[in-house]
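Read from first to last, the chains carry the letters A, B, C and D; within each, the first residue is number 1.
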Amino acid sequence: MSERVVLAYSGGLDTSVAIGWIAEETGAEVVAVAIDCGQGGEDLDVIRQRALDCGAVEAVVADARDEFAEEYCVPALQANALYMDRYPLVSALSRPLIVKHLAEAARYHNATMVAHGCTGKGNDQVRFEAGLAALYPELRVLAPVRDSGLTRDRAIAFAEERGLPIDVTKKSPYSIDQNLFGRAVETGFLEDIWNGPIEDVYAYTSDPAEQRQPDEVVVTFTAGVPTAVDGKELTPLQVIEEMNRRAGAQGVGRIDMVEDRLVGIKSREVYEAPGAIALIAAHQELENVTVERDLARFKRGVDQRWGELVYDGLWFSPLKNALDGFVTQANEHVTGDVRMVLHGGRAVPTGRRSPASLYDYELATYDTGDTYDQSMARGFIDVWSMPAKIASLRDTRMN
Amino acid sequence: MSERVVLAYSGGLDTSVAIGWIAEETGAEVVAVAIDCGQGGEDLDVIRQRALDCGAVEAVVADARDEFAEEYCVPALQANALYMDRYPLVSALSRPLIVKHLAEAARYHNATMVAHGCTGKGNDQVRFEAGLAALYPELRVLAPVRDSGLTRDRAIAFAEERGLPIDVTKKSPYSIDQNLFGRAVETGFLEDIWNGPIEDVYAYTSDPAEQRQPDEVVVTFTAGVPTAVDGKELTPLQVIEEMNRRAGAQGVGRIDMVEDRLVGIKSREVYEAPGAIALIAAHQELENVTVERDLARFKRGVDQRWGELVYDGLWFSPLKNALDGFVTQANEHVTGDVRMVLHGGRAVPTGRRSPASLYDYELATYDTGDTYDQSMARGFIDVWSMPAKIASLRDTRMN
Amino acid sequence: MSERVVLAYSGGLDTSVAIGWIAEETGAEVVAVAIDCGQGGEDLDVIRQRALDCGAVEAVVADARDEFAEEYCVPALQANALYMDRYPLVSALSRPLIVKHLAEAARYHNATMVAHGCTGKGNDQVRFEAGLAALYPELRVLAPVRDSGLTRDRAIAFAEERGLPIDVTKKSPYSIDQNLFGRAVETGFLEDIWNGPIEDVYAYTSDPAEQRQPDEVVVTFTAGVPTAVDGKELTPLQVIEEMNRRAGAQGVGRIDMVEDRLVGIKSREVYEAPGAIALIAAHQELENVTVERDLARFKRGVDQRWGELVYDGLWFSPLKNALDGFVTQANEHVTGDVRMVLHGGRAVPTGRRSPASLYDYELATYDTGDTYDQSMARGFIDVWSMPAKIASLRDTRMN
Amino acid sequence: MSERVVLAYSGGLDTSVAIGWIAEETGAEVVAVAIDCGQGGEDLDVIRQRALDCGAVEAVVADARDEFAEEYCVPALQANALYMDRYPLVSALSRPLIVKHLAEAARYHNATMVAHGCTGKGNDQVRFEAGLAALYPELRVLAPVRDSGLTRDRAIAFAEERGLPIDVTKKSPYSIDQNLFGRAVETGFLEDIWNGPIEDVYAYTSDPAEQRQPDEVVVTFTAGVPTAVDGKELTPLQVIEEMNRRAGAQGVGRIDMVEDRLVGIKSREVYEAPGAIALIAAHQELENVTVERDLARFKRGVDQRWGELVYDGLWFSPLKNALDGFVTQANEHVTGDVRMVLHGGRAVPTGRRSPASLYDYELATYDTGDTYDQSMARGFIDVWSMPAKIASLRDTRMN
């Protein structure tokens, strides 16, 4: 029996050509695996058929949208995951999901190899290969674009020679990766970092500068999981879709940044993630209400590290697991409602209520009748400032 | 000779009454000290005369706006200081400046005491007293509002009895603290955290929801210090004023949050800080371009701790000093221009250029002819993912 | 019915006098609560009778040694908890245990108050009161030594006047706190930090400088819990006792340091904790073998924060809970044996073996036939060093 | 003119053979560079002559011991640098020094290449190449042992064929790297991590188990730099040498650990670093006396990161530079004397005195007449414990 390769298949030119390319290069049979992470576009059946038409011996397609929402997007939300304080890890979240399905398909189809279509200067190659190293280290990885010269020009030539059922004339100036949680755009003119993005690069969000009526929305969380919008109970997938729609309509979630790639270089990235950005804003504000101060302060560092690890391709790693334990525990009481105004590119919390609130009107109010014992303050300040005071006396003495 | 008290004097009802109140309570002479941190309002001479009219033996006024901009706001900007990722430390920055002037005045006027008008449940009492403990620990602190019953009602009664030249009929529903770097508003109806703020609470910012033309601005930094706007060289004070004006006109910098006070409770705060928020956004993006990845990652933790320390009243402390050393060093190359669009409450960087840029088009481009050696990636990934891979093999073995 | 006070009772002079002192001061009935945390000394029944003889209406005694070992010492071990890298938190661990029993007794006996014998300049007052604030915030706290003038001299006079059954003539120059996990000694001559400790201050450890034969011991851990010594299965309590005995006999675990107290001052402390120090050394080395690198690096920061929180009296706090989740997860695979030599004050791991080991002889060996693919190194180094290299090129360009 | 290679030359078999090997492989001229970092052994002139005899066109030797002590070991001491809490970075400190000299020699001799003798599974290859990437990125790196098959067997054969003046019969079972700051030993039987080290592997330290008289020593620091021993002013080099001698004679500084290598695997390492370990112990204790609490707590994290960076080969990196700024500032007042007992493998501080001490006997003493205001404690505790208390009330309410 021939060896088998499972290929992360998108339906596009590169991976369609890769089916035949890999088969010729290795003599192995190719099993194409296409995963729906909410990227939209073609129907999964169409993609499946194309894989077969391009020479795959098997083509596996899976609607993993709920799984993606629940097991990848929700943990990111609970960690307020924003790489470099900006980017909600859109592509970085979907790669481990795809890896998990690739590993499962490889086991099911007795594959000895796995292939992806990433180049050698991006983060995704690391996310694929580090994930596979953790989940199925025995697989040999093929990366034809990076390692065996499958350039775009050669892909077009290959497709034309073989008469593959792919439209090679469609030529977008944009390189796009998108899923339920957001969308990334790269294109030549944005590689000049002084150039601003143009309206044409966006698809998930309307122009925030256009005039329209504000939209007010109430998001409900239960232990850090979004469970309802405007009082209507929804699955995490539905919440994200709904918030993509409504926040996107108000231009929320556009990001334009220079980013530190794992592979050692800085790159210019343009993203849009309307639902993610709005939901993180709501979640953070609910944390402000329900998470105790010391925990909140420490959690910022944990959240940052969580985001770096996931960005860096280490989703399946011992540190990620242990941070998940912390983050889940910290979200135990992040339950309640946040009311937000979505408008003009902004998602702004304006109200919050929670059965688990740590905000205590009686303690906080400046009205008469508050319950805060102000006489304690003097003692607190005396002890609080003592170390710096003693150090200051020392400094004076020494200088 | 009588003992002397230096009083942090604002010109308002509470501290005007405090002059006589303290004099009667202690038998000491009161030296009023009023500092212009850019809070606007009355002329310093008017404030000075009122202090004298209220019984101060001396009244010191100082225009400290440049000092505030250069020595307090700029370091905050270099640390991207946002307490709880939101609040640019407006009041927390001005208190150590005022403390410094109080300590100087106390030395000059041979005072043995110092007084402030803070209550016992806010952060500012800590900032005053911790700062004074560091700069002039021998001074005894008087806090008549907190410790000796100087309530608002008693202040009004005192002012009327003594015929003090203060208009006690003006009654704002808002408790406001403002300076060059921003403005804080507290008021009764916002103590219900489900209530949203109304337009009336804002003074530094226009309604972001109003339609208007976007404003494009280029901010120039030199080693992390803002030095020009639209190519025109300005002092830090001028930059902040200009950005307050322009970002404020576009509704940038409104903040509505539940906040962890140092004194152990959560409170609802509404801020506006148009210049601060716009400048921090620009500074962060210029850091993205000019600061190396590992340094940038570590700096986030330093920035957070810097903000907590300053919020917590520990401006004059050994840790703050040592963090300043780090932050200054990290800003060494944060030099260049950031172009931003100010519009609809957003301050969005759209372009950046820098002689110290670490972004390298030749490495980053996906065009042919790039200089990145993609063949290195495989080795990198292999080593990068090895610890998690070995752990994963172990986990499989153990389970 | 009278109000009731539960008193943290040690059996010593101060708290014995406090029974009557509090009764007279408050008119309340005193319930004495004495907890055995492994401090040794008198029998619990003797202590119980003394409390009754001194006027307690009830006297509760509890052997909490297993609970202390399992729920307080073991978590500390899993966090390698060493405050300031030295002190294994001996007293800081027992206070929350005592607080838990006090709160239970207060509920059972319908007490409205709780009392402790701490002074106003130590850490233990904070640990008692912060713990009680978390577990039973409605209780009013009495601290007669700190707040109502129960000095040692007045305690002696009180005891003599009332004829209490306490020997007031015993006068130790040492102030001692000890339990299963170690022993703390304070005494006048050590308050001169240039003075070294003398042999007389130690009780848990023999002089490390004396000549004796080394002792070799194998400690077994299961998921970070010590479960056997020299192959013999033991409870955590038994392991700690055994290691106290054997490591103590070799002079292991003496600590002499200047320490940062929570209450803002530095103090000189002398501790001995033979079992704790030996077990932490073994646990750390087993972590070196079984915990993945990134997790191990991050865990050091978590461990430090865990120790600070516990030292600072915040055992019962949301951050402590969330860190516990992390630490437990990180210990999942800390299973195996560590062989140590105990000798001359040192506890030195010399061998380790584990079914969960991440050490791979085949990868690590320099012998021929290793499985490490050295050709990957070049690619790794190229990418690894790229950010610093690009920054260095920039620095050269700028200078 | 021929191209030139600068070679990091040790005088041993591998790098002696590398001279001819590289010359043959590349056609380039080899300039050998040997640096004295205090590793002892042969005279520099002997090494220089051997390089020439083996075919080097130039041989540069430099006594860099003072430079190593002052610019590499002292910063490590100020950062209490212990990788994984144990290893004082011995080899990791010398590599950047050697790199600096290699880069200088390359510039002076117009070399276009640089060569080292490291294998592909250790850390040193990274330290060499990352350092060179920062200091002289244009140089091409040759690593004949790793990349072109220069195994030990082939080196011996090459040496014999060419008649190189090297004794190839000396065959030590140990692979050793040593310098002023310590010594690392690797050997086959230690690759079984259950095996303990034998006395034969040690050279810098006597057996700690042997009976001998304790040695008492006073080390003086000025701003974190060791400047005297027993009152005698010495250079840093002299201090380290003296402490190596005296602490080594007492068996101080042996380390046996499983370590996380940068290249992704765990390895067993045995080190001895008597001076380093004793000096770090002294420095830490002087920090305990002179560094304020918040600064000390944050510095532990900085110290850990500093050690990781240096271990990881990133000495010449922006983050390392910025951390240096912090560490230097934190050491500003680390001035004074620490008295230690050196005995039986332990270096134990027993006394400390400092003009910059933050220890205040008047505040700390339990004697009557202390100046600490205990009445402040109640207010402090009330505010300190409030967040956890409010959270606890919430938890009770929710459960």
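Everything that follows uses one rule, which is that contacts are C-beta pairs under 8 Å (C-beta built on N, C-alpha and C of every residue); 3 or more make two chains touch, one makes a residue touch a chain.
Not measured: the values here are computed from a predicted model.
Counting the residue numbers that touch the partner chain, chain A and chain D have more than half of them in common. Comparing chain pairs C-D and B-C, the larger number of C-beta contacts belongs to C-D.
Rounded to a whole number, the gap between the C-alpha centres of chain B and chain C is 40 angstrom. A straight line joining the Cα centres of chain C and chain D is 32 Å long. In chain D, the residues that reach two or more other chains under the touch definition are 260, 263-265, 292-294, 301, 314, 317-318, 357-358, 360, 363, 375-378, 380, 383-388, 390-391.
Residues 84-85, 119-121, 125-126, 129-130, 133-135, 137, 143, 146-147, 175, 186, 188, 191-197, 208-209, 211, 214, 254, 256-260, 263-268, 284-285, 288-289, 293, 296-297, 300-301, 304, 308, 313-314, 316-318, 339, 341, 343-346, 348-353, 357-361, 363-367, 370, 372, 374-378, 380-381, 384-389, 391-393 of chain C are the ones touching chain D in the complex.
Within the complex formed with chain D, the residues of chain A that make contact are 290, 292-294, 333, 355-358, 360, 363, 373, 375-380, 382-384, 387-388, 390-391, 394-395, 397-398.
Remark: chain A residues 260, 263-265, 291-292, 294-295, 298-299, 301, 305, 309, 314, 317-319, 321-323, 325-326, 328-330, 383-387, 390 touch chain C in the complex.
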